[in-house]
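What follows is a pair of complexes built around chain A, which joins chain B in one and chain C in the other.
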Partner chain A sequence: MTARLTRAETVLYGVAGLAAFLGVWSALSLSGAVPHQFLPAPHEVAARFVQLATTPFAGATLGAHLASSALRFAYGFLLGAAIGIPLGLLMGWFRVLDEIVSPAFDALRFIAPIAWVPFAALWFGTGIGGPIMIIFAGAFPPCLINAYRGARHVSRPLIEAAEMLGTGHLRIIVEVLLPASTASIVAGLRVAAGLGWQSLIGAELIVASTGVGFMMVQAQLNISTTTVMSAMVAIGMVGFLIDVALRGLEAAVRRRGLVA
Partner chain B sequence: MAAISFDAVTKTFGRNGRESVALERIDLVVADREFVAIVGPSGCGKTTCLRMVAGFEFPSAGWVTVDQRRVTGPGPDRAVVFQQFALFPWKTVHDNIALGLRNKGVPRDERERRIAEAIELMSLQGYETAFPHQLSGGMQQRVAIARAYVLDPDVLLMDEPFGALDAQTRITMQEELVRIARRNPRTVLFVTHAVEEAVYLADRVAVMTRRPGRIKEIIDVRAVRVAEKWDTHERIEDVMDLESFIHWRTHIWRSLREEKIGREP
Partner chain C sequence: MIRRRTVIGIATIAALAAAWYLATMPLGLISSGRFPSPADVWLSLRQITTRGYANATLYQHIVQSLELVVLGFLVAAGTGVPLGLLMGWSRRAEALINPVFLLIRPIPPLAWIPLAILWLGLGDAAKIMVIWFAAFVPSVINSFTGVRTIEPAVLEAARMLGTPRWRLVREILIPAAAPMIFTGLRLSLQASWTTLVAAELVGAIFGLGKVLNVAQTDIYPGMIFVGMACVAIFGWVTTRLLAEVETRSLPWIQLSEARP
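This part shows the complex of A and B:
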């Protein structure tokens, strides 16, 4: 790596990069180099974005669509974490469970969450179950893998110390493996959130009746490129906010010295 | 109370498909409430001896028993103090010490009383709510010793417990350990490569050979210690100045040095 930058420099370069991106985009769109109906200009997207915040489109405002997407995301993500983390820790401790689960898990985890859409639609119809299942498919593997890796990398002396103190299996998992794996688990949650959020939009393109993904499909049918772009911007922003929140959690974990 | 017994213990490790003998026919008995130190060159397998009593490893041949029962795994009757402390970084001093008692299901009142005793014994008052990383190495090792002592174990296993400490702290801890051992005698197996430490602390010192580790000789320091009244000296340097101390220290040093030279190709 090259030399460290000051905070001011970091901000400056970030803003410059963003400005250059918007500049090129504007230039391409306004100059007519790219036909206007293919690529709306940034300011048009911004105007549409503001408009969508107050005026319903496809039955709801942008905020309401986002809220319904976020709710599905929350369910799927939390379900993935609630099953993935304990299962990962258990697999990290009990060899037998590791041997039983790993082959099936390794076979399934390379299937993109979107591939489950047909079955999600078949099993859950257009209800909330389908999208939750898709998000779960995205969020569950990183939760499990990181909890498992965290548990397997706990330093040997700590486990020996716990054992010589007569600590039972469950207590070792909860009071030793879990705290020792916190950093790894939180990193897994970040990956899980990213994959889950991305999968959600894909799922909503097909199965939902509300949500940002659904909104994009409707906009596509209306050939409203600014609406599609606005939805994309909203997706990006919410994804970023989710990551900021989890990064905050990561920092809090580090501050509390929970890293072994 | 319990005695530790090694009965013709051999330990081999498989390395790159080749069997390598780490320990060869170890016979050693640590009597009830006796303090035995094992000294030897690094890699001689002295830590492996201790780990087999702890139940972390098992003999390839022979038996390790504690209180006539074969060791089948780790347990709170054999508390271990590790060289690198092995405290739980996310638990406070109090909670580190409490874990073993909670595991035993000791009722809260009694538990708190015993934790307070252990904290007092190791002079840790005022640090109950501190986390390990906030403490110096010496203080962390005090917590680890308190965590072991609070269990009231039959056997105390100490694996180079002061090896990671600076010289000054090390001396203080050695004096403390003598004080504690006098107040509250235990069956102790103490592994170290520091000869002075072994002579100062132990009733008997077992000297080991280079790999494959065998017990070369066992020196009974206890008789001299009692006759020369070592225990009346508060400070380690006063003991170390005594003729009798120097005699045994030099004897063991020579014994270890022969080991090094004698086996060099």
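This part shows the complex of A and C:
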């Protein structure tokens, strides 16, 4: 590896990289090398982004579309965590359950969450139920896997001590396995949030009548590249905020010393 | 305990299959308009293999999807791994590229689909572009981490002995980073499948996603099942192939994880 850079050098190179990126983009767009309609300049996207905050597109403002997506995301994500984490812990504790659930789970795991869209639409409609099922399909596996791995890696003496004191199954799971696997679970939640958010966008592209993914499809049909790009920026920002929030949770867990 | 695990696993799958048969056929607990019975699936499978469905036979759909996944994956790995290695090796390259990377990364790959359709239409080029975006990121990040986790002492020893640069790259850098590179490739492959299915669901002429899309509009549960099963099977097959390549090319590593 080459030598470390000073802080000033890092900032300088970073600014240069960003400037080059935006510069090439603007140059391609403004010089007409690429049809302007398909590659608007960065400042035009920024202007459109600001405009969409107040002017509705495809039935609602950008904020309203985002809010309806975020609500679905919250439902699906919480459902995935509420089922995945307890099931993962139970599977980590009761071996029979692990042996029964694992084969089915492994078989289903290879189905991309987005491939559930047709059944989700058929079973729960395209309003709110269908998209929630898709988010669930994205968020559930990481929750389960990480809770399971966390529970399996709890140190034996800890469990043996609890067992020796006559602790029951439920209390061992809640008071020994859960705290000891918190770090792993929170890491799983981060992965789950990323997959869930991305699956939701995919689902909204295919079936939905509101939401930021739906807005993108409408913009694509209207050949409004600025709107498509604004929506992408908004999606990226929300995804980033979700990740920041969960990273905060991760740091808080680490500080609190819940890790066994 | 492997034997007990296998027995219970087979028993579970058999019980699920029996429950599926009983609930859909003799008992009629689940209407065939919601979930297909085994007979429905068989009929759909025969229809799509002999007469074809959604513009082509099953074989043609599978070939189309597999081709795009493999092509997109190879393009992404071919560009992502070298870039990750370069960023891992040179702090300058890292400082230059990382900010741009951080800017683009929060945008989920599926959110690129409308833009890809705007730019390149519904054909193969748009799919490859989206797969490239999706599969590129895990390849870069893991190759980068792979280089950064190499023991500095190893590199220093090689340098001290005057190893020429290309030998350093070929005989130390790449082998040492290889396990992480493969982790990245596995994630890239999964991302390739997810994005391809999503992109084909949004708009395509052939492919497994197209089958799902048409089956959804036709409300044809049997065909949805066939499409999903194919996605899962070929996702599994390609993952196994990659795992095989990994064991062959890294004979010095005992793969501890049984799960692919």
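Throughout what follows, the second predicted complex is superposed on the first by the 240 of 260 C-alpha atoms of A that agree within 3 Å, B and C clash if a C-alpha of one lies under 4 Å from a C-alpha of the other, contacts with A are read in each partner's own complex, and residues count from 1 in each chain.
Rule of thumb we're sticking to: contacts are C-beta pairs under 8 Å (C-beta built on N, C-alpha and C of every residue); 3 or more make two chains touch, one makes a residue touch a chain.
Quick caveat: nothing in here was measured; it's all calculated off a predicted structure.
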- Message: According to the stated criteria, A:70 is in contact with first (chain B), second (chain C), both, or neither; which is it?
- Response: neither
- For chain A, which side has the bigger count of touched residues, chain B or chain C? C
- Query: So, does A:167 touch the first partner chain B, the second partner chain C, both, or neither?
  - Reply: first
- Would you sort A:151 into first (chain B), second (chain C), both or neither based on which partner it touches? neither
- Message: Taking the superposition on A as described, I'd like to know which of chain B and chain C A:90 touches: first, second, both or neither.
- Response: neither
- Item | First, second, both or neither for A:143, with chain B first and chain C second | neither
- First, second, both or neither for A:175, with chain B first and chain C second: first
- Item | chain C - residues contacting chain A, complex | 4-5, 8-10, 12-13, 16, 34-35, 88-92, 95-100, 103-104, 106-115, 117-119, 147-148, 150, 152, 155, 190, 193-194, 197-198, 201-202, 209, 212-213, 215-216, 219, 221, 224, 227-228, 231-233, 235-236, 239, 259
- Message: Considering only the defined contacts, which chain A positions touch chain C in the complex?
- Response: 1-5, 9-10, 12-18, 21, 38, 96, 99-104, 106-108, 110-119, 121-123, 194, 197-199, 201-202, 205-207, 213, 216-217, 219-220, 223, 225, 228-229, 231-233, 235-237, 239-240, 243
- Query: Across the complex, what residues on chain B touch chain A?
  - Reply: 54-56, 73-76, 78-80, 82, 84, 86-91, 99-100, 103-104, 131, 133, 147, 151
- Task: Can you check the complex and tell me which residues of chain A touch chain B?
- Result: 155, 157-158, 160-168, 171, 175-176, 179-180, 182, 256-260
